[in-house]
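In the two assemblies presented below, chain A is common to both, partnered first by chain B and then by chain C.
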Partner chain A sequence: MKNKLRVLRAERAWSQADLADHLGVSRQTINAIEVGKYDPSLPLAFKIARLFAMSIEQIFQDEDVARAAE
Partner chain B sequence: MQQTKSQPRSRPQLVMYGGLIALFALGIAVGLVDEAWLARFATESPWIVIGGCLLLTAFAIAVSAAYMRGIDELAQRAHYIAWYWGGSVGLTLLLFLLVAWPALSQVVDVEALTAPLSRLYGEPGGEFLGGVVASILALTLGYFGWWVVYWLRKT
Partner chain C sequence: MTALTSSPPPAGGRPSRILRLATLAAAMAALSVTGAPNPRTIDGLTAAGAPEGAAGLVLHVAPILLALAAWPAMQALARGRSPLVRSTVYALTGVVIGFFTAVCLDLFVGVEPAMERLTGPLGEAGDIDIVAWALSGYSLFSGALMLAIAAIGTPAARAVSLEEADPECTEVRRRDRATFAFSAVGLLGQGVFVGAFAVANQLDVEAAGVRLGVTGAVAAGALAFAWGSWSLWRRFDEMQRRATVEAYAWSGFAAWFGCMIWAVLESLSLAPALTAYGAVVGLVVLQNIAATIVSAQTTMAPARRLVVGA
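Moving on, here comes the complex of A and B:
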């Protein structure tokens, strides 16, 4: 699953550890989500969306849908 | 620029770390106790030893629950995956040993293979205990190996 987490984090000048603290998860989890190695649970996805005041779909994009849109 | 501070450790995390350290210390302490004295004490006061072991088991389960509550979802998932796949593979290897044992005993030195467990054989039910230890080893090694691979791949 593609996501804009790295961009959103960079816009706020947050480190992975900063974002991890905001979300109550480990830095490793943030890194795994950013590089697409781990898809977050729905509760964590909602938490991320709330933190950035966006919808889940604005942050996460299904790779098949993204490929079709290209 | 918005800065954040590290959050203090939550209560479940404090219980988790405290419990893990206590379990580790208990394991070391039991390992340091004289084996002959321990065997004599178990013979003379079996109910105290059984009660103590039950308390230790309950404590270990409570610490495990606190540990799982204290870690985040990726770490939890690593444990679930490792227990399922590592544990299943470990058990399957034991099943292979069970089924293939008559043939294996023709081509490998069975006595050498089971030597680490053979010191249990003098005990009542010793061969059963040997099987229990072998099962724990297979599950733990499978679990640990799978966990390491999963964690390194994801992080």
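Moving on, here comes the complex of A and C:
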């Protein structure tokens, strides 16, 4: 799963720890999501989407779909 | 985006390599002063041609030089590798340094008389006892590191970090400190209960008070381990809980498979009977290995993000 979390975080000048505090998770989890080692649960994905006022699909993209689109 | 993932940490954000090596040397020197080489090891060196009088000095100095040489060698070997390979390199280097330190300074020889003053004479350590002692030493050492990070915070985390990474990855916030503190309780508890198990297995005396005391130490250590683990579980988020469950699942599978193989070998009289004590030590070893591997997969940075030896 690809995601834009790092870009969205950078746009707001938030550190990983800042974003982790907003979402109530650990910094390690934010890092793992950003580097694609962990796909968040649906509740956490909704929470992230709400925080950035975007839809889940705008933040997370299925790699197969992204590849097909390219 | 690239800048965020590959830029080196700002100068001055981490202790320099020389400072870290000097700290390591100082810690090893302190260990060397308090340790005592085994006379048999000295005799062996003298028989191999080492000048008499110098053998003892060599045994005091060798672990320090070895550790200082191993640190940059370990970083060079790990550079650019996958998290699994890197964590394996770090673990093996730790085992080699620990082994040579124990051989050169015979730390267990120093521990045993101190223990015997409390418990009375201990019997010869068997294979499982040696594993239990090593596991206990590793747990107590790791627990002490976690305790230092919980007490001191970011500077301690950066000082003991094996890899150069983004400064924010080694930043320890207030919430993180509590997590490190509970990890320390769990690891120290594990060190105590496994070590006390080894003592209980080697007890030669039948005095009820001593046996009760050692059993009490096993129980206290196990309770601290359980409490630390439970407190960590309550604080963990979804990814950390998944990693914990995965680690227990892998160790459970490995234990099931290992027991089956052992049972087959035992029925063929190729392996000794497995005791409950041996099973507990084996389970703790497997659980620690599984937790390290799973944790490396999810929390260690991919190779492209590393700036080792900056």
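The rule is simple: the second predicted complex is superposed on the first by the 70 of 70 C-alpha atoms of A that agree within 3 Å, B and C clash if a C-alpha of one lies under 4 Å from a C-alpha of the other, contacts with A are read in each partner's own complex, and residues count from 1 in each chain.
Note that contacts are C-beta pairs under 8 Å (C-beta built on N, C-alpha and C of every residue); 3 or more make two chains touch, one makes a residue touch a chain.
Owing to the predicted nature of the structure, the values given are computational and were not obtained by experimental measurement.
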{"item": "Chain B versus chain C as contact partner of A:M1, first or second or both or neither", "value": "neither"}
{"item": "Touching partner for A:W14 - first (chain B), second (chain C), both, neither", "value": "first"}
{"item": "First (chain B), second (chain C), both or neither touched by A:K37", "value": "both"}
{"item": "First, second, both or neither for A:V25, with chain B first and chain C second", "value": "both"}
{"item": "Contacts of A:L51 with chain B and chain C, given as first, second, both or neither", "value": "neither"}
{"item": "Footprint overlap on chain A, comparing chain B with chain C", "value": "17, 24-26, 28-29, 31-32, 37-38, 40-41, 44"}
{"item": "Residue ranges of chain A touching chain B (in the complex, touch as defined)", "value": "12-14, 17-18, 21-22, 24-26, 28-29, 31-32, 37-38, 40-41, 44"}
{"item": "List of chain C residues in touch with chain A within their complex", "value": "1, 4-5, 168-169, 171, 173, 176, 179, 236-240, 242, 297-299, 301-302, 305"}
{"item": "Of all residues in chain B, those that touch chain A in their complex", "value": "1-7, 71-75, 77, 153-155"}
{"item": "For the chain A and chain C complex, residues of the former touching the latter", "value": "6-7, 10, 15-17, 24-29, 31-32, 35, 37-38, 40-41, 44"}
